[in-house]
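This structure is in structure tokens; I'll ask about it shortly.
Every chain is named by a letter (A, B, C and D) in the order it is written, and numbering of its residues begins at 1.
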Amino acid sequence: MPLGANSWGKSRVRVSKVLRGDPTDDILDLNVDIQLTASDVDVAHTEGDNRGVLPTDTMRNTVYALAHSRLGNDLEGFATVLCDHFLEREQITSADVTITANRWDRQSDQGFTGGSSEKRIARVVRGSDDRLSAGIEGLVVLKTGGSAFEGFPRDRYTVLPDADDRILATSVTARWDYSSKPADTTAAWDRVRQTLIDSFFSEWSASVQHQGYLMGEAVLAAVPEVERISFQLPNQHHLPFDVTRFGVEDTGTVFYPVPEPYGDIRLTVER
Amino acid sequence: MPLGANSWGKSRVRVSKVLRGDPTDDILDLNVDIQLTASDVDVAHTEGDNRGVLPTDTMRNTVYALAHSRLGNDLEGFATVLCDHFLEREQITSADVTITANRWDRQSDQGFTGGSSEKRIARVVRGSDDRLSAGIEGLVVLKTGGSAFEGFPRDRYTVLPDADDRILATSVTARWDYSSKPADTTAAWDRVRQTLIDSFFSEWSASVQHQGYLMGEAVLAAVPEVERISFQLPNQHHLPFDVTRFGVEDTGTVFYPVPEPYGDIRLTVER
Amino acid sequence: MPLGANSWGKSRVRVSKVLRGDPTDDILDLNVDIQLTASDVDVAHTEGDNRGVLPTDTMRNTVYALAHSRLGNDLEGFATVLCDHFLEREQITSADVTITANRWDRQSDQGFTGGSSEKRIARVVRGSDDRLSAGIEGLVVLKTGGSAFEGFPRDRYTVLPDADDRILATSVTARWDYSSKPADTTAAWDRVRQTLIDSFFSEWSASVQHQGYLMGEAVLAAVPEVERISFQLPNQHHLPFDVTRFGVEDTGTVFYPVPEPYGDIRLTVER
Amino acid sequence: MPLGANSWGKSRVRVSKVLRGDPTDDILDLNVDIQLTASDVDVAHTEGDNRGVLPTDTMRNTVYALAHSRLGNDLEGFATVLCDHFLEREQITSADVTITANRWDRQSDQGFTGGSSEKRIARVVRGSDDRLSAGIEGLVVLKTGGSAFEGFPRDRYTVLPDADDRILATSVTARWDYSSKPADTTAAWDRVRQTLIDSFFSEWSASVQHQGYLMGEAVLAAVPEVERISFQLPNQHHLPFDVTRFGVEDTGTVFYPVPEPYGDIRLTVER
């Protein structure tokens, strides 16, 4: 039976890149979707002959390899670079590249808050174990400097290298209890939120745990009614993707934002 | 066999409220979760005797009824009002109310952008039907004035009343084609985005269709390289919830944000 | 500027219908998406003249009204009925209706399990508060008979009518602790799962609370190693949609499956 | 300020394992969540001293390393193995491991359908470009044998090895057009669905493209009213995770199910 329209590609290639400035960095956080058509892939469908089927794994590698030298704020430009690269292969008849960039809003030279569904939480329990608490969910923060993770213990399954400078990104979930109700609960909440942001971006940390403790300490110092604050801080890893195996120079600026698994850090700071 | 810990309630009660100012409105957009425990509901579990089981539908109605007179920016205060209301019923032993507020950022007196996962899109097709286009997804906008919907045709299934003033909310998805590549694609994208926001908040509209057309017209006027722009605009309805049947005065400020179904409006504006 | 392609409609109209048999019922659980084009809506876009804009709310009502007499297992047939209805309006030039049916697998004459992402859970805690527990998530069950809710207390905000027969649907989340590890943990889990299903479909209940208690009792009777079992049971309401206001006969078989809010019932049954 | 309760771990470690039988395989598809507490991590929070902070990356590696020799259907047993492993480190005071298993239903010796939200689609367009079509979404299928991918072209960015036997998994989205309306649309849909399943599990394929073509061919042969059928077939890769670097013997049965990116294969088969 006749084969009709067909194409193949790789979807949701996640790539982030730090555009280093002095002192101001930019961050790109992208999904790349690629679809190709070719003149020699009919037999792949009808007879299982793969001689024309460029692996989608290769398409992914290509994105990371070219991102080092060619990716900047001109996303349409980078999409064109990718299209032209694939079209160099003679049998490829068309390339369709869509780049979807997540939004990050600058908060400091190396600090950004991410597009997300940020929520304010208020919780009241009455009748037994009375409780007045508040919280925030989905406060997405990322910094391109001011964070390390080294000096940790190693066992036979440890391969993680020490990092004295790294991207640190998390989505802050915090809940705090009030010892007494603030006169203005909205103003109190705003102050907690701003303190979390300021602390995350201004204070160097040795780990997510350390960063969380500093944030908690800052909130307790800033808002006297807060009795304790608990955090859940997923470590949204941005890992280097090894391109040196392709003979590409690693510029130290291109990363793979890992969707899962994630480090899952929980702590409480009290008065 | 013994019944252990138990509670019941209503989760994800969606309520929005406009806090009218002059000229500046505020908008609250909340999820309310309620859990109660009671001394007389064991028999509901073990014997099917419902005399103590306040319906969760009643809990929902209570949220809307009390929102008219008691809901303001003090969310913890409103959670306390709800707890206290349920505890008036003698057998209720505890009430646990959590309010989750979606974030809206002010853009004008009556205009807000919503927390969301806003994306910038770049798409390039090469090889056949060459195309250079860009887009935006997840630009969530809401205005508390400056929108109407009336004069529409009616058939036997039509009950919608005319509205000469209403909340208008949508999540803008737009794609536009460039006739030539802008010198700075990021600047061009920023200009389109800002034009969409300015147009939505400054121009009165008679319908989503009308609003979309005005937005498209404004973009084509502002960015000469844009050849055509297509929109998909879900109408995120905020409906009045009838509280007069409970003997409660309707203040015209409390709404039910409907998750589905949604009006689904699509249009293209061209040069 | 010229208006290009345009259409409007309603998306995600949720409708369920019980096809009564004797003794075997069928259940339809649908999303309906509608898009129309018309010859007289250009002015709605360009001038805000709504005389051709059939409200999307009317489209929704139409789905429920026609579902009573015309909806059966022939989904393409019902989509055609809807298209033809809208095309009766002379200016409508095309109608595009897509129906998406959720899958339900029959378990008994009136019992069904739903397509979902069912999970088996195993949890072990060691070192402090040692615990060996198991669980299930996403076991979606629906029955078209054998469930009531009446005799509940009423206050000023209560409008819910008594129901002596209703659709009962939930997504079972259960966690249970083992007092000792079963010889075959997979066989034990399978026995719990089957007991939950059998109990839900065979035992009449006066409420979700009652149904949950009966399920817990059955599990404790069936699997001796289970020490206690806790449930979270969202009540996935299927509500009648009032079509009598359109002069349509209510056949008592068409419902609106409510996505939110939901009754949120939690209980533990112990030995 | 005092540090309160704290713990750390890794969440959503995805691991799949084929339990080889003759001729019947089993498949495990798991998420593992780990949380540890330790006596020597206070200083990590308060002073940035990481000497007690076992990296969460190590926890992930441990899951894959131990899965080779210790993972079977007794999930509680494997959770206990993991807990005990972490508790070997003296300062670890508790380990909490939750395993969440996705459901797969056997269809053949090496074939499974997955828990998902399977949908039946019906679409009718009237008025212009009349169309009667149907479809399926979310038909999740996996086979542990009968699939290869080799003989593909290589460029400088290609590192993928040839595979003459591999896990093949996808979520089938298919849409087909009817040349004439089947007498019984539900029976026709059921026949297409069963043909897709039978073809996927019984026919060896050299690629996703090849598998899709064979499925399309089988549907056109089985249901005469189907004029053409289009597929979108994401390749849900299950990749080996290299444990030999830890001195662990690779049993060839443990895989990492990759959430993204995915190969994205599209094709149409016509009469």
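Methods note: contacts are C-beta pairs under 8 Å (C-beta built on N, C-alpha and C of every residue); 3 or more make two chains touch, one makes a residue touch a chain.
Because the structure is predicted, anything quoted here is derived from the model rather than measured.
Trainee: For subunit A superposed on subunit B via Cα atoms, how large is the rotation, as a multiple of 5°?
Mentor: 180
Trainee: Could you work out which chain's C-alpha centre is the most distant one from the centre of subunit A?
Mentor: C
Trainee: From the mean C-alpha coordinate of subunit A to that of subunit B, what's the distance rounded to whole Å?
Mentor: 27
Trainee: In angstrom, rounded to a whole number, how far apart do the mean CA points of subunit B and subunit D lie?
Mentor: Comparing mean C-alpha positions, subunit D is 35 Å from subunit B.
Trainee: Once you find the CA centre of subunit A and the CA centre of subunit D, what distance in Å lies between them?
Mentor: Taking the average C-alpha coordinate of subunit A and of subunit D, the gap between them is 23 Å.
Trainee: Got the subunit D residues that touch at least 2 other chains?
Mentor: Correct list: empty.
Trainee: Okay, what are all the chain pairs that touch?
Mentor: Chain pairs that touch: A-B, A-D, B-C, C-D.
Trainee: Taking the complex as given, what residues does subunit B use to touch subunit A?
Mentor: Subunit B residues touching subunit A: 37, 73-80, 82-84, 87, 92-103, 115-129, 132, 134, 137-138, 178, 181, 184-186.
Trainee: For the complex, give me every residue of subunit A touching subunit D.
Mentor: It is residues 1-14, 33, 35, 41, 44-58, 60-62, 65, 89, 149-160, 205-207, 209-210, 212-213, 216-217, 220, 228, 230, 234-235, 245-247, 259-271 of subunit A that touch subunit D.
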